[in-house]
Amino acid sequence: MSENTLVTYGMIGGGEGAFIGDVHRHAINLDGKAKLTAGCFSRTMANTLATGAALHIEKDRLYETYVDMAKAEASRADGIDFAVIVTPNKSHFPIAKVFLEQGINVVCDKPLTTDFSQAEELAKITKENNLLFAVTYTYSGYATVKHARAMIAAGDIGEIRFVKAEYPQEWLAERIEDSGQKQAAWRLDPAQSGISNCVGDIGSHIENTVAYMSGLKIKRLSARLDNLVEGRLLDDNATILVDYQSGAKGLYWASQIAIGHDNDLSIQIYGSEGTIRWRQEEPNYLEVAYKDKPAMRISRGRDTLKERAESLVRIPAGHPEGYFEALANIYKTYVAALIKKRKGKALNAEDMDFPQPEAGVSGVQFIEKCVESSKKDAAWVDFKES
Amino acid sequence: MSENTLVTYGMIGGGEGAFIGDVHRHAINLDGKAKLTAGCFSRTMANTLATGAALHIEKDRLYETYVDMAKAEASRADGIDFAVIVTPNKSHFPIAKVFLEQGINVVCDKPLTTDFSQAEELAKITKENNLLFAVTYTYSGYATVKHARAMIAAGDIGEIRFVKAEYPQEWLAERIEDSGQKQAAWRLDPAQSGISNCVGDIGSHIENTVAYMSGLKIKRLSARLDNLVEGRLLDDNATILVDYQSGAKGLYWASQIAIGHDNDLSIQIYGSEGTIRWRQEEPNYLEVAYKDKPAMRISRGRDTLKERAESLVRIPAGHPEGYFEALANIYKTYVAALIKKRKGKALNAEDMDFPQPEAGVSGVQFIEKCVESSKKDAAWVDFKES
Amino acid sequence: MSENTLVTYGMIGGGEGAFIGDVHRHAINLDGKAKLTAGCFSRTMANTLATGAALHIEKDRLYETYVDMAKAEASRADGIDFAVIVTPNKSHFPIAKVFLEQGINVVCDKPLTTDFSQAEELAKITKENNLLFAVTYTYSGYATVKHARAMIAAGDIGEIRFVKAEYPQEWLAERIEDSGQKQAAWRLDPAQSGISNCVGDIGSHIENTVAYMSGLKIKRLSARLDNLVEGRLLDDNATILVDYQSGAKGLYWASQIAIGHDNDLSIQIYGSEGTIRWRQEEPNYLEVAYKDKPAMRISRGRDTLKERAESLVRIPAGHPEGYFEALANIYKTYVAALIKKRKGKALNAEDMDFPQPEAGVSGVQFIEKCVESSKKDAAWVDFKES
Amino acid sequence: MSENTLVTYGMIGGGEGAFIGDVHRHAINLDGKAKLTAGCFSRTMANTLATGAALHIEKDRLYETYVDMAKAEASRADGIDFAVIVTPNKSHFPIAKVFLEQGINVVCDKPLTTDFSQAEELAKITKENNLLFAVTYTYSGYATVKHARAMIAAGDIGEIRFVKAEYPQEWLAERIEDSGQKQAAWRLDPAQSGISNCVGDIGSHIENTVAYMSGLKIKRLSARLDNLVEGRLLDDNATILVDYQSGAKGLYWASQIAIGHDNDLSIQIYGSEGTIRWRQEEPNYLEVAYKDKPAMRISRGRDTLKERAESLVRIPAGHPEGYFEALANIYKTYVAALIKKRKGKALNAEDMDFPQPEAGVSGVQFIEKCVESSKKDAAWVDFKES
């Protein structure tokens, strides 16, 4: 693989009828820095072939199984630089493992795995094989999230005292999993989704975005997971009290029965000198308030963000950026790191500013601890130090 | 006392330098239906005299002690119809008791008392003496709150599944209690404030407003009370998980260190068919969302509210009503009930739609249970059935 | 009249069935500094008597005509200190004139008159008789409006370049004047309302609030008045281009057919250094933006306002103040001025910070010039220098 | 050119240092349906070569002049399918003309030309040569704008009575054109920008978005163009009264000195039955109000849009789409039309739902008429029927 060759990738999952694969392809396309050249889009070869044709992929690079794909691509001179895994949660581990073992870099959807030790194993193999692994916690890709992180790291709001984060959605307010809604069906099926639905799907985004923004580490938590729609097999609502190692306190709420909310992740971080409020549905803005001063609205584009955040802005003030840009920022950073690494250069912290496997490991622990606490009637459970 | 005499009242507390007494007087003035004719505004007679003069009160009805006042007013033909108590929490009980025992109706600021059995005792004496007692949980007076209550009672949003309520403020983000800020000083002094600051002051408003709006009764709760500003004697932040008797779940958060928030009480009630969202700082509106339908904004004045709520609207759409009107609604209802009772008529549920002593009792229990749970590291504690 | 006697007032208009009289009484009540003691509430004596009884007014101070009232009150030792005129526009002039001529101070609803020369005459008589006259441009009473005025006067946003002000309402989107809606009927009847409905009713509020806030004087204007609902006798929508004497430019829009708006007066003032945005329906806040800096939200109560504005704040941050407080601020200032004058003290600019008759004169000119321009197909018409 | 070949395009302008070219490339990339294969990115060949290399374009398809490019590409078997013109306004005409004459389809930034007859000429050549021509009025690409258009066309808000549209920005509040800001320098230079800056740059977006959404045609207008920053050669603020052919009225305001605004295009359309309010900075929502009903917020993704609008949605509710998606929607439709045409199929109205050259012609007339009216002191000027 020459230094200047265009970066290429393959995808596992994301065939016709699936949703998230297309989202990833759009996000990667946006910057035009990586090209899709191989795929195993479905467990059904016909679907893989049809999807591949629509995406202008050569037929000999469409595979029946991900194992075939990993082996074949690893042995080609022009084999893919990285594999994107967008399958249901339970299959993340075996798929990621086989690509890593074949020496292929991996980008994997969150939650990384459905089991803590598997997550740790993936992190370990990545390190041993000297590969790059990204977990697509999309929200950490927003420029405004990165600005908040930089503000906090710089001490702009003083010492953090309290975190309030919530993520309400409406879409599971009825038992649509029984009536064939595909997304709902697999997420509420323990066999495909794992031990948790709501915490696993969206609670884990709270955990990651708070951790990324604030740098706080969880010491222990107390969680109540609810099945508020009768007859449901997994949780659809959760409230979680968090104590951080620093002494700060936190409160998380995730819900999928909250009628009137679309995808309403919001994070509020209260420090001794000021407060930062971020809301995913208005990602071009950041509300900041300092003690005894008028509240301010930081606008991406109009106001100058901290350096790393500013570097990811693609259009000027008032031209809204959205979800695709956030995901594209992860891929942009990841692909730039691959290229830099290919050129033999060392990667610094900024080069590695995409969600690392360790973040995936932490996310899986979070899910497990929430479930454990809830089973004990919201008793406090301690986090394993990482 | 003749049927048509103007209703009169006296006030205990609210002398020069105090704040809340003036707020109550403004609210009572608004409708011009009750006249202040007696007072014991301060523990200092000079203050009482000065305050009384400024308020055009006859000198012989300004009293050195509330006991003198209760006795003297009870024995006058033109004695006050009701007493308004706006002193620090700890003195509510003895003052209210003496007026009730003298057969004088009482309006008392919240929390009703700092002790559960005292609160029960006041409720009992009120009933035995056939008097009217109001606890000024102001927020229950907003027309939009009453509309929400009526919607929920009518089943408009189906069965309640989850309640999220929060009440963040900024004003205690620093230790201003040490630098002579009078409001902060007494609230953070256990001797004047009781066992809790934050839950007692504002958590209790969450409890009352949720109970009033939703009709839900608490079965048990798990509370973590924090002193996030070092060296503080009482709580300044609290997170509370609630299980209701109906099976619904709740989450409350109150904070006085939340920089950037003024007085940001908001209540969100999630039902099986829809959601109601109310925010105290925008009290002329109510956000309502039904499943799979566009979210709506109900506007007081523009949109027709349910009957009881509509009856309390004083000005048309777009002319903001605020805090004084909410408090005035309590007094308006209370005074109308006094007049109706004076005329010998029976009082129905709508006549009694001001916060009853039982609400005060419930509020005191809430504070005690939160403190108890927190001392046990947020263990669940059961509510006494009422 | 002794120095210390409570200030008293009488009211003309505002009988049962009317709306605005009650609003004024509530606003005056709020501070408890003036007492209603006389009235001619309706052209029907029965209504005046009933209204008077409900308001606890002595029967001998309820009058059949305003002329009787003016004469009788002027001759009593305990006669009213001021008369409040809340009748339809066309009668403002004769009523105000007779009270002024009897030496009684006047508060009159806007627009002051329906004719420019009449307005000038009232201003003249007021001055000659050394009386106090207020025109109730309510919106100028908001603390946030006064803060904006003080900011601009202090040069905080530099030199004003452009003003955009609008006032959309929904309530006349249908021809309700034909179906007996009383407010609509008189406002759209030239015989009672004068030459304009929309500009006269709400356009005049734009003119006054902008003038008060900015200090700008109109040089000329070009107006298009529309009857957007067919068959209507007076305007229901208006767009007005303004050139100010300073060289700044302005744009006003008023509408009563704008479905979805309650009473949505908003004023945006763009200076060379910054911008102030005020919206009547959120009167506790002011949005301020300085060049190249994050936009800010000034909060009444939380943020310290300029001195005069701060002096009118009655409750702390986050406890919403509304329309009654704005109107009460006018009365509070007016009554304080009456008392100070009664004590023989000179009145300074701050004492006179209630809408003067000159503001009323300017308002009437504005209406006349808009109508004149519109009749000439929106030709520019010059303002008379004042 | 075979039926199934990937669609290819070339770009004129958009070299290193330019801004808008990159925006177009991102938007085209998003869907991955067209590939950039040729370019004349700059008047400097070195820049063109560098830009081309960075974009992985073959060297023999990088051209010194657009004339060379048009001829060479027209003669190649694998020549570009369309040319994207993103140069300063004045050069749009000659460039577009040469490509059209060579039989190459064109996408051109707005305003189409700086002269009405040139715009008409381009529309004529397009038709004669049976080509597809798009003008990139980006805002018409938003799904919510298309939903508003469909609602209005379906009569959902009744007959349109009034339109209020505004487009304030801050960025020219100071004379940055003198200090080397490249965007400001060319836009305020009549030699590159034409007869107008503010109306040409952003006023034209108002004109197009209103026309697209409402279907209204302008009958006449009265415009006041201001130079509010001293010494400026072209307008930086404009207020425009519009009379439509239907009898409806309109009011437009555009400004580039409005401190505190980013890119704040908003459009409000008032009908006899309801109102639609759209704001570019919150493009995932649409506010709709019907007479006497609570105002609603339509959410892209959560609420089902009209068919054409829904077909352009790429991600679910609450995952914000932004500016790139709007521009991508134009390209997506345009490229799909090219492919359909290539296959010999007839194109229907929906296939042609991208901004046509006639929209460009109308835009140029709008600019000219505004300038003409302003020169006559805001006299009414008639529109040429189209």
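All chains are identified by letter, namely A, B, C and D, in their written order; residue positions are counted from 1 within each chain.
The criterion applied here is as follows: contacts are C-beta pairs under 8 Å (C-beta built on N, C-alpha and C of every residue); 3 or more make two chains touch, one makes a residue touch a chain.
As the structure is a prediction and not an experimental result, all values here were calculated from the model.
Asker: In terms of C-beta pairs in contact, which of A-C and B-C ranks higher?
Answerer: B-C
Asker: Which chain lies the greatest distance away from subunit B when centres are computed from Cα atoms alone?
Answerer: Relative to subunit B, the chain whose C-alpha centre sits farthest away is D.
Asker: What's the distance between the Cα centroids of subunit A and subunit C, rounded to whole Å?
Answerer: Roughly 56 Å, centre to centre.
Asker: Centre to centre, by mean C-alpha position, how many angstrom separate subunit B and subunit C?
Answerer: The computed centroid separation for subunit B versus subunit C comes out at 35 Å.
Asker: Any chance you could list the residues of subunit A touching two or more other chains?
Answerer: Touching at least two other chains: 170, 261, 288, 295, 299.
Asker: Which subunit B residues qualify as touching subunit C in the complex?
Answerer: Residues of subunit B touching subunit C: 6, 19, 22-23, 25-26, 29-32, 55-56, 169-171, 261-264, 280-284, 299, 301-302, 314-325.
Asker: Show me the residue ranges of subunit C that touch subunit A in the complex, using the header's touch definition.
Answerer: 288, 293-299, 303
Asker: Please give the residue numbers of subunit B that touch subunit A in the complex, ascending.
Answerer: Residues of subunit B touching subunit A: 157, 161-162, 164, 166, 170, 173-174, 222, 224, 226, 228-229, 237, 239, 241, 249, 251, 253, 255, 257-261, 268, 270-275, 277, 287-291, 295, 377-378, 380.
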